[in-house]
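A short write-up of the structure that comes next.
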């Protein structure tokens, strides 16, 4: 009986750890749901098992730091300390080369946890959520460090370009279905159809409302980007969509969406995320960096802060 | 009688709308005065009727959003929600090409209103005014988006340049009078003499003190820029002056200028705005963007925040 | 007797002025100790008397502004208004050319004092220290202004480069001793051995603990940079070390280092400062600007803010 008790104690302390870790994965989508986290983890593993392991370990590191570091348990258990680590670990593993990238990815995930805590403190007074800001800045910084440190090897896909020699190449064949599904999958860097669909299933599992908004978000993003004359390759890869998906979720339903105009504001915010994505891409062109979820962060901050002054937004 | 009553009610609700809109135009100069706003609107229309209409519509959109959105009436009626929209609308209409630019300008004015509200919330605790920061960031972002979106056409005047190939061309013939008048006109993107003079008249209409400071500001700006060896073409177009004009107004008289050294601080701040203008121009060179009023914002924030710690500033 | 009294009064008001000025020099190292400030001043003068005079005058200007401006005496007397001015004055004198650079350096020191006061106000609520942020931004701004203003002449060492043409040159002969000593000396822009040693003596004078941490910091910085494959020339010049030294001092002992893990956190923070240094160098490459102490500021802010949420850090 004593043994059983100890076992149940071990389970009791183990279960919240697993739950917080899986919620860290689902919180990337602004969802607190361990099952959704698990479904999404499987969706990632379909494309690449190693990237899935990095995502899981990154979320686990964040949970562990939260526990050992004495962070407010509610924050840790909701997975709010982990989602930036998940994204940082994945982004670094995907954008670096060489064997040491796995170590760098986990180191990045660790720093992302500290950075998330730091931003939580700095933004506390403003009552605006941190979102994925820490992961973005951290990833940009670590990727750029590669240019001065021989041990960090950058993926050859990241090419710095001179804006004065830049030419837009909008030609190509549109693939609407791929574009729409990838717009959801790209939230987790996925451009395989089945991964995207599985992620969407995970979102619907958490809430019908969330799933619907995700679908509306990717559609609004695609249409707006198409209307603005965006590059076809980016449309097909869903690279305009994922920021629109995250933005509509945040503005229309997750954060203080009390006004009856909130769904409408969410659609407008998702539309605005398109030129903002184009702009962030241009800012980063000389550095060869990807926009990541910065457009989502900027558009969501814009609407959430504006809502404090314009209540009917 | 009933009909008359209804009419007067309609007028009663219409008048503050017009007043707030015109004050939105005058607030670009840190002035709350509907007549000044009207005079300045005429000054803009002398150069271009369509740009004047954009300025008016932009201010009107901001007022409308403020009303319908439930913003604190005092803020809306003072025109404090509108001046960023006025500038964003004008800047976009002037720096974009093609028929759709009018629509983009008004869309930009709308987002500028939200951005102004957002910054008001974020800066509330610091007790430092938002100034024209939202309009600047918004305009830079929308102009850069043009490089990735075929539908947005950039004016060919905006040329990204490599700093490593940059050479200073300070030669040219100085025109002191043009430079001084344009230094005031450029607050509203005007480089026609009569527009500049009319804007100055509008400022004097609001207050003799403001008019005098505007004149001192453009003179201090011109002299400092000349002394630092600035490019003659920029001096003649007043492109160093307008930031000095706005800075001296803000620091010497508008914001918490209680110290008897405030006029002196205003002059120093106006002088500092010159190297800051040169610097912002350099930062933006690789992106081909104009400095807009960022030097004014930075110098004014510097002095207003420093004043909280150095009371005799 | 009356005369004697007056003299002693004069001395009484003169001594705190000198003390605050010298403490302004020592505060660059996060130390409040006038003797340490004097030793460091001598260390600077060994390399260059004129740079030493600039450092002294810059600290003096800051103290004077603090006194005449009515700043809280505790802040002024601890030298907290002065260290940014010391660094700004020195950095501008070292990175500009021509006779007018002395004047520009002192003007820069003056603005640095205002900027420090401004940042103190803006960061007050966050309870995070300003560190050397004002000096860094100011120096970057003034150096870039040189590209548009003929009167400001930039040192030819500052060369803007295109990241797309950048190649890493890690070859060279390591000199461990030089690298370690310079890692301390570079806090004050010194790369002469005797200057570095004298600065270290000054630090040990203030506190054994500080001296030890400075030695550990430069060692940790060197080893981490070497492990990451940093450029040998930068290692020898101590250009990775000084940010690690400052970071370990700040995180391990100076600011709210109450947790027993603080020394360990300090070492981790010093290690993180290495990729951050590499990254800031890359960001600034197109502008040809030096990283200065930005990596220290970013890493220290990261840890101090994270500590508010993760108490056992």
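Per-chain numbering from 1; labels A, B and C assigned in written order.
We adopt the following convention: contacts are C-beta pairs under 8 Å (C-beta built on N, C-alpha and C of every residue); 3 or more make two chains touch, one makes a residue touch a chain.
Quantities reported herein were computed from a predicted structural model and do not represent experimental measurements.
Although chain A and chain C share one sequence, what matters here is the overlap of their interface residues, and that overlap falls short of half of the numbers used. Put simply, chain A has to spin 120° for its C-alpha atoms to lie on chain B, with the angle rounded to a multiple of 5. Centroids of chain A and chain C (each the mean of its C-alpha atoms) stand 36 Å apart.
Contact of a single residue of chain A with at least two other chains is seen at positions 125, 162, 286. Residues 125-126, 128, 162-164, 166, 168, 170, 225, 227-231, 272, 274-279, 281-283, 285-286, 301-306, 308-313 of chain C touch chain A in their complex. Put simply, chain C touches chain B in their complex at residues 65-66, 68-72, 75, 111, 114-115, 117-122, 125, 140-142, 144-152, 159-162, 286-288.
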